[in-house]
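In the two assemblies presented below, chain A is common to both, partnered first by chain B and then by chain C.
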Partner chain A sequence: MTEPPIVETTELRKSYGALEALRGLNLRVPAGSIYGFLGRNGAGKTTTLKILLGMVRPTGGNARVFGLDADAPETSVAIRRRTGFVSEDKDLFDTMTVEEIVRFTAAFYPRWRSDLEQRYLRKFELPAEKKVKDLSRGMRTKVALLLALSRGADLLILDEPTSGLDPAIVEEVLQAIVAHVASEEMTVFFSSHQIAEVDQIADRVTIIDGGRGVVEGAIEDLRENYRRIHLVFDGEAPKTAFRAPGIVRTRRKGRTLSVLLSAGTERVIEEARALNPVSVDVIPVTLKEIFLETVTKED
Partner chain B sequence: MLWYRSWLETRWRFLIGLAVLMCAAAGIVLLWPKVVELLPVASNLQVSGRIGKQIRESVELQREYPSYIWSQWFGKNLTNMGTMFAALLGTGGLLSQRSGGLFMLSLPVSRKRLIWTQAATGLAELFVLVLVPSLLIPLLSPAVGKSYGWGDVLVHSACFFVVVAVFFSLASLLSTIFSDVWRPLLLAIAVASAMWYLELFALPRPHYGIFRVMSAETWFRNGQLPWQGLLASAAASAAMLYGAAVSIIRRDF
Partner chain C sequence: MLLKPNPSLGVPIYLQLMEQVKHAIETGAVRPGEQLPGIRPLAEELVINPNTVAKAYRELEHEGVIELRHGAGAFVSLNARGRKMTDNLRAAQSIVAGAVTRLRARSVTEEEIRRLFEAELAGLTRAGERND
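This part shows the complex of A and B:
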């Protein structure tokens, strides 16, 4: 029997007036995964995360976390009791000291882990007496992460956790997340537009574009299944539409035809050979290429 | 902890208000001998019309210490400053919070509880803001050789609090519509000023005005509490606070 997903959205929609932020998003985040939610700025990532936390109300479809309705006020509180969150702006109470905000937050969580709190205070070298407003962006991120990780949460929702940080702190933050997940049983769902960090720590990913999920799967599977077939012709590349399933995008430029596919490499090669190309190369693709091919518009 | 957070958000407004009102209350008591000296001069003022009538009435009220205290403190200084500080305490909240708004919403607390805690903290502060400076009056009165009843202070303060809470609630409601602290504050003060103007110059039966209920004029003049006005004020405050809660619960952040 398959375990129920920790996060599940079905045909999730959100409109702000005429602007459709989400247009039927379907997500399934399995328990225990580090799930990357990749998309360009304005793709609908933050709106999705806010719906999961009850900060934004959907206009259609539904969102469930731990099997609970994210839109109902009572269940939303229960969801937040089991969820750690780091917002994109690392929004915290600026006038509190690090120690005060830790004490303040701990009071809301019966499963607060003082051991983890102490561990991360030491690991991140956070100045307990310093006010949050006087901290650097990197330090702020670490405080936000400490508060999220020490809650004894089952789910960690991170909205662009490394945005605006220097590479050394990005690495430190990512390592802390991975190490935490390795030692505690939890699920991480994080949004990002940094492909490298999703590639580095996530085991599953959804690429969102224009409010819809355009690619979903385990990163290993994507690497395994996605291929680019590069065809070179004697003269102008033919205008052709491949019939094989799994074609993501075809680009034609001069004598070359480049086909990105998500499955069925053999069938596409078969079709391609019928066009009499001079050469056929099958090339593995990176997550970055998949992302760019799926979220950029056709020329 | 939510109380603590609400307190942190409003403490400076509260403490400044408390200091200002305490100074004002003490000043009114200690100025009494000077007022007595000036009374003969004020009695000779010749002003006609409705304003003139009000000035003459006001001068008459200064002749006795209890009526002087009522008119200067409960009728003027506390009314003006108390209304302003009530509006000031009512502003703020999730929408205009400069930091920590999303963090607060990520905690396992319902929005209903957030807004009620904030309202309860603000109202408690407002009550202290009204009561403590008013208690200075009977406390300091012996310094000018007079006395003022503790019971009167409690009745006037209670009436004042119930009515001034309307402006607190109005500012709270406006704070769920505008995302800054200035517009709710200025609008609430503008509404209060407009009501004051109407009551003073345009209302045919000014005894029913909100500021008359606020100063418990009927209690001062004939020992009767303005029950209708108090109930209407409490109902208006409750309705506006409920509106503020509904607005916050429905809002996207």
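This part shows the complex of A and C:
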């Protein structure tokens, strides 16, 4: 991965008065990836996306898109010219028909792709004559996605693209994203609190919590490296601190000791054996478990 | 031919895909010399990341199971072990079936059987022996 990242943030900070929305976020989104930005509501996802799009100014650190400063007015325009964005509320002009909004949007983008526009109009079965305000939530999302995909962008930023959609439409939206990335040279950076969809289509993920990245990596690597080691003892489980690196969390309960680790299963097993457990189980860990173990619980 | 991988299994998706392709070859669902679906259509059909499909195909090529012909797509290797493998696997399956039947007879639960297999494969059984 010698190519420069498409999105890069360094120690990014944003405060709204006393509220710290971002507290030193570091991101590197490689070209050609589908990058999932996973976090609970209020974790700082939307603030980050808005900074990348020049809609919010950071209080500290910096954000670059295509190597350009996201916080400078001139470069921000250049960034937005090459970026498609679908906001969480899918803001669209309600009084226009589907056809009108497509024509209207196309006029702003010299690189507009009529071939893609036609493809997605057919694929999404969008009613050209219908007014946007009369569309279902699913249809509205598809229109917003069509507008973002057809503008010949190099980067697609999606804020919670599937929130509030039924499972069939979620699958359709994910399929459109996957197919688009496979046929066009493009990078997708999408925020979500839906673990399942990040798990399904993303190749990399950052889990953000409290304005900071808590887990980052290729999803396949996380699946390969994260493990839970479950130890059962004859008597009370020993109070032990494992020295091996990669320990995320250790839980003792009665005769059992459960260790979540991000890497180095072998070394932990070695240490565990020295404690003479009655049984040792190594269990694969899902992205959902990683998420639940690393984000803070409700107060 | 290929089924949707299950992301919540905790097994990398490219490994699940590789297993499926191998299984399809072993069962004869696809034969040596036949073409596999392209990366894009397969990613679209299974709704998974195209890079993941590409990774699975690269690994399969590395193992000699398939050949990637530039611009033409992925083909099952002519020397991929198809039918012979099937016989071998069938024999293996009957061994497993026998073991599972005997374990069930001792009322070992399905979940326990699965864990025992996993532990055996991971080479963890030595820890148990020492405590015997």
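The definition used in the following text is that the second predicted complex is superposed on the first by the 294 of 299 C-alpha atoms of A that agree within 3 Å, B and C clash if a C-alpha of one lies under 4 Å from a C-alpha of the other, contacts with A are read in each partner's own complex, and residues count from 1 in each chain.
Rule of thumb we're sticking to: a residue touches a chain if its C-beta (ideal position, glycine included) is under 8 Å from a C-beta of that chain, and two chains touch if they have at least 3 such contacts.
Predicted, not measured: the structure shown is a model, and the values here were computed from it.
Model built by superposing both complexes on chain A: chain B and chain C fit together without a clash. Of the two partner chains placed by the overlay, only chain C lies in contact with A:32; chain B stays clear of it. By the touch criterion stated above, A:105 is placed in contact with chain B alone, chain C being left untouched. Touch criterion met: A:95 reaches chain B, while chain C stays clear of it.
In the superposition on chain A, A:126 contacts neither chain B nor chain C.
Once the two structures are overlaid on chain A, chain A sits at the apex of an angle of 150° toward chain B and chain C, using CA centres and rounding to a multiple of 10. When the two structures are aligned on the shared chain, A:292 is found in touch with neither chain B nor chain C.
With both structures placed on the common chain, the touch criterion links A:183 to chain C but leaves chain B unconnected. Once both structures are overlaid on their shared chain A, chain B and chain C have a minimum Cα-Cα separation of 26 Å. Interface of chain A with chain C (complex): residues 32-34, 171, 174-175, 178-179, 181-183, 196, 199-203, 220, 223-224, 226, 234, 269, 272-273, 276-288. Chain A makes touch with chain B in their complex at residues 16, 50, 53-57, 73-74, 76-78, 80-81, 83, 85, 87, 89, 91-96, 104-105, 107-109, 132-133. Contacts from chain B toward chain A in the complex involve residues 1, 4-5, 8, 98-103, 105-112, 249-250, 252-253. Those residues of chain C that touch chain A in the complex are listed here as 7-14, 39-40, 43-44, 47-52, 55, 115, 118-119, 122, 124, 126-128, 130-131.
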